[in-house]
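You will see subunit A twice below: alongside subunit B first, and alongside subunit C after that.
Showing the complex of A and B:
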């Protein structure tokens, strides 16, 4: 493990230097909450944030993204790929996990060139957690409280300093460019860090829990459970849960024309499986007309389909969906009820 | 073409033939503009493509031609929405975009040497015609073939100019029914399952079913009653395969993507998807 150390006082200068070569996206305060936002003033960056309204997925997979430009003259379309150099700064382990899960989806048999180009041009600077950041976190249950890959640099808070885990060559390069801001790590620093990681991080107790054992089978066994109707009746089909989810990635594709009606673009926008017409086919047949079926579908996809395809659920326990739901639907409560506890 | 760098970019293709089928359905033949793509494009019966018109949109269509006949692909298109409405106004020579082919097709290798029962209802005829003509072109590779077709009315028949060819093909039986006949209709009247008492289905047959959502349950019941084992039954399911490449999630059933795990599913796999049929 390659470690370095940076004092908290040097972070604004480090950010400033990063800004010279990258668009830097970091948590900032937004009307009493926090949001990942491109920043130009290092003083606005709030590394003491609990969680952000939206996860950082929007910088790899934007809410609306142009896929190609076209002319209506029979010519081929022209692909539009964003290759902005970007740093995602201060991501908690859950959000780093969220991005790794998105990688599985957007790579695979048909690699998505839009996502891949953004990801390849993104440097990820993590920020370690040593306890729940707020009452909604249940990452400990999801195995996403810790992360051992998916970042270039990890900042770990130690008093007035951050211990810095340099994970990749890309991470090493930016640190070397600002080597005057970093210091070597002493044997004592390493001891304190490992003691803290064991004592604080590993012994932290999370109040909010989700029992993920046999979750795929649990969903099979409870397919007809009245719990789905109970929560489905409350659901407003607003889609807030999926917009704030680090691992919801459903999209819709739309063509748009300019005023001449001759040139246009094809774009994708975030979509949500809770919307009433999500599974509606041509001719009007809707495979999931009622809300309970759609709500169940969302969890089948995230906690069963992903276990089947990738070996783990597409949930990182960030708790954003619980916080965002206007109907106070809490997935930890749904799963506890399904399990009968 | 089969593995492009950007799977979202369509290849341009021209409409080369339009065959009227019914008042709201036409079969369109397309040829790729790029001669290399035109030459190398191939697919399995039962696969689908994403067809788009720039400025209007994109949608999935089952391929109704067979890969044994090269140089073009044909799609049956019913006028039911924005894109299909626009395509129905298009003429020979007009340009569209096509990408694919996508999904799992019918298991032609498994069907080789076997008796095959094909049950097609309505627009389910589109992908099954690909399989039927594939079998016709490789007739000696397959055993007895029984084709059961059902349509709403005598006006709704699809590919009826090919019925005689199928009827007269060796070792082939072709049965047709319409839900509701008219004064000129002399054939069988009633839903597709009313054809079963008119023929004998060997329990050794492999069955392929494609039709409207409501049809599967009733047809499967008939097959099971005739001792066709579940693993010999294949269904092709229709969902909104918007991206075709396992990402947008509109076509997810239970925990599978129709676009990559299907659209042709073995009946056992379909049974495991609790909302599939």
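Showing the complex of A and C:
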């Protein structure tokens, strides 16, 4: 079975059954916006959400996490590995792409055991998009409007039903356990589905665009552009853009002792390249002293280094950074200006 | 190793910061196990005014000649002096008298009451480091007790007190809050030093800037945002100056914004 069908009315029951064996994380309403949150009441889940305040990365790579406990008596430290069985439910393709990019970093040549354990215990249920979810989306430009892997199950809205694309064995097992909630897909269903993908999804118009052609070279050639100062002067160095980014991953590691100074714990926290102390080293020298240099660094890392190293930018076009920036810095505007458009 | 000798003193302020130390109930015994508190008038009946101190913790600002003499005496016998709370770090809310006539301010608050105490002839409020050398500052109103404990641990371990030069937004975003600017309100978190755990925004109230300016606070951009949200120049000054008018960035926000505009104007013209 690759395709199945579930009526929208059966989703709460499906969620309830998932909750029996998993912590279910899904979009819920928060002050008129949406947030991914562990849920216990299926009625609270809002699959009609546009985007969330924070991306789902917080459940694989939390803002603050304890890595280990240690004693100063020379004994071995005790690592903290989170093996909670978790379902990330209703992720849009851009956020699934975001997790794939985190995989390259945390689960590549040098696997990170903390991330890896969470990822291994996480089941991802996607929710397909067939048009921009809000005015900030530019996933079409970033090639993240569709996603071919990185999920276990994909839900595709089709009238009163969701067509269900089962991608992995883990996804298949979950569906099989609740097979009474799913029905077979008819030839007509697949016809409608493919028609929808072509007519609706592929013809959708995105107002917001980012031209990614030769983006790595573009950045090389515009290194000295006054555009960086123009936007850098506006930057508040608040870090909002990178904290709401599905694939910003820079972190800091810090040891904390108790008052006896004998026992402690090592913690990892999100960090951000826009902070003044990010590249400040012992002795006080700062490699990226001014805001323009730091802002430039952020885009060089995400849209150039990632292209050079992994073949694509570390941006999934979710638009969260544009929405979140208190100084209204818009990366699509920066890149348009760099191109002289 | 002998426990470090610590004195905790209050000058002009509400005593809320000292109270925060006592509010550390769960670990109070660990604290007195690690340090020797020789002077803490709020909590102890027997206090030692003579012993040399390893650390002095100072709350409150300096508003009289007598206090000036007293803080100098404490400084003379102290190795490391830490200012805690906005009064000690910036001069506090009472520092607002710097923008008006002191006699008028006094009359506004106390009316015609005749005072015998030294407060009868007050001076403008001063932060501790305007009078004596201060080695570390833990701002906030009141001080953040967890930050105080972390500072103590740093001192015990012989490390520099580590306060990240990040804006409140850092903690606010990590907490997954909806940004007040997105909701159409003005929030001071963008220019204010983090460390409070974004306490106010996380509880539905915009940041009031009580931890003072973050390093390299982008004042011009913040002023611009405040204007776009309909704040008058008077409102903007009030917002910036409320708690930490002792910080020059917050005292002179409008001027800083104006100067930045003047510097950028010739470039704009060239375009």
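Rule of thumb we're sticking to: the second predicted complex is superposed on the first by the 338 of 341 C-alpha atoms of A that agree within 3 Å, B and C clash if a C-alpha of one lies under 4 Å from a C-alpha of the other, contacts with A are read in each partner's own complex, and residues count from 1 in each chain.
The rule is simple: contacts are C-beta pairs under 8 Å (C-beta built on N, C-alpha and C of every residue); 3 or more make two chains touch, one makes a residue touch a chain.
Remember, it's a predicted structure, so these values are computed and weren't measured experimentally.
Undergrad: Superpose on subunit A as described above, then tell me if subunit B and subunit C fit or clash.
TA: fit
Undergrad: Which partner chains sit in contact with A:176 here, subunit B, subunit C, both or neither? Use first/second/both/neither.
TA: A:176 contacts neither subunit B nor subunit C.
Undergrad: In the overlay, answer first, second, both or neither for which of subunit B and subunit C A:63 touches.
TA: Second partner only.
Undergrad: I'd like to know which partner A:85 touches here: subunit B for first, subunit C for second, both or neither.
TA: Touch status of A:85: no partner.
Undergrad: Touch check for A:266: first (subunit B), second (subunit C), both, or neither?
TA: A:266 sits against subunit B, while subunit C stays out of touch.
Undergrad: Applying the touch criterion given at the start, work out whether A:257 contacts subunit B, subunit C, both or neither, answering first, second, both or neither.
TA: A:257 contacts both subunit B and subunit C.
Undergrad: Applying the document's definition of touch, where does A:200 land relative to subunit B and subunit C: first, second, both, or neither?
TA: neither
Undergrad: Which angle, as a multiple of 10 degrees, do subunit B and subunit C span at the CA centre of subunit A?
TA: 70
Undergrad: Just to be sure I read the superposition right, which of the two partners does A:31 touch: subunit B = first, subunit C = second, or both, or neither?
TA: A:31 contacts subunit C only, not subunit B.
Undergrad: May I ask you to name which of subunit B and subunit C touches more residues of subunit A?
TA: Counted on subunit A, the partner with more touching residues turns out to be B.
Undergrad: Which partner does A:326 contact after superposing on A: first (subunit B), second (subunit C), both, neither?
TA: A:326 contacts subunit C only, not subunit B.
Undergrad: Looking at the overlay, does A:281 come into contact with subunit B only (first), subunit C only (second), both, or neither?
TA: Only subunit B is touched by A:281; subunit C is not.
Undergrad: Once you lay one complex on the other using chain A, what is the shortest C-alpha distance from subunit B to subunit C, in Å?
TA: 5
Undergrad: Per the definitions at the top, what is the overlap between the subunit A residues touching subunit B and those touching subunit C?
TA: In the superposed arrangement, which is not itself an observed complex, subunit A uses residues 257, 261 for both subunit B and subunit C.
Undergrad: For subunit A, which residues are in contact with subunit B within the complex?
TA: Against subunit B, the touching part of subunit A is residues 67-68, 70-72, 74-77, 79, 105-106, 108-114, 220, 223, 249-255, 257, 261, 264, 266, 268, 271, 273, 278-285, 287-288, 293, 297, 300-301, 304-305, 308.
Undergrad: Which bits of subunit B are touching subunit A when the two form their complex?
TA: That would be residues 5-12, 52, 54-59, 78, 80-81, 84, 94-95, 97, 212-213, 238-240, 242-243, 245-250, 252-256, 260, 274-275 of subunit B.
Undergrad: Within their complex, state which residues of subunit C touch subunit A.
TA: That would be residues 27, 30-31, 33-34, 149-150, 152-153, 156-157, 164-167, 169-170, 173-179, 181-183, 187, 189-191, 214-216, 218, 220-222, 225, 260, 264 of subunit C.
Undergrad: Show me the residue ranges of subunit A that touch subunit C in the complex, using the header's touch definition.
TA: 30-33, 35, 53-54, 58, 63-64, 233-240, 243-244, 256-261, 269-270, 272, 275-277, 291, 323-324, 326-327
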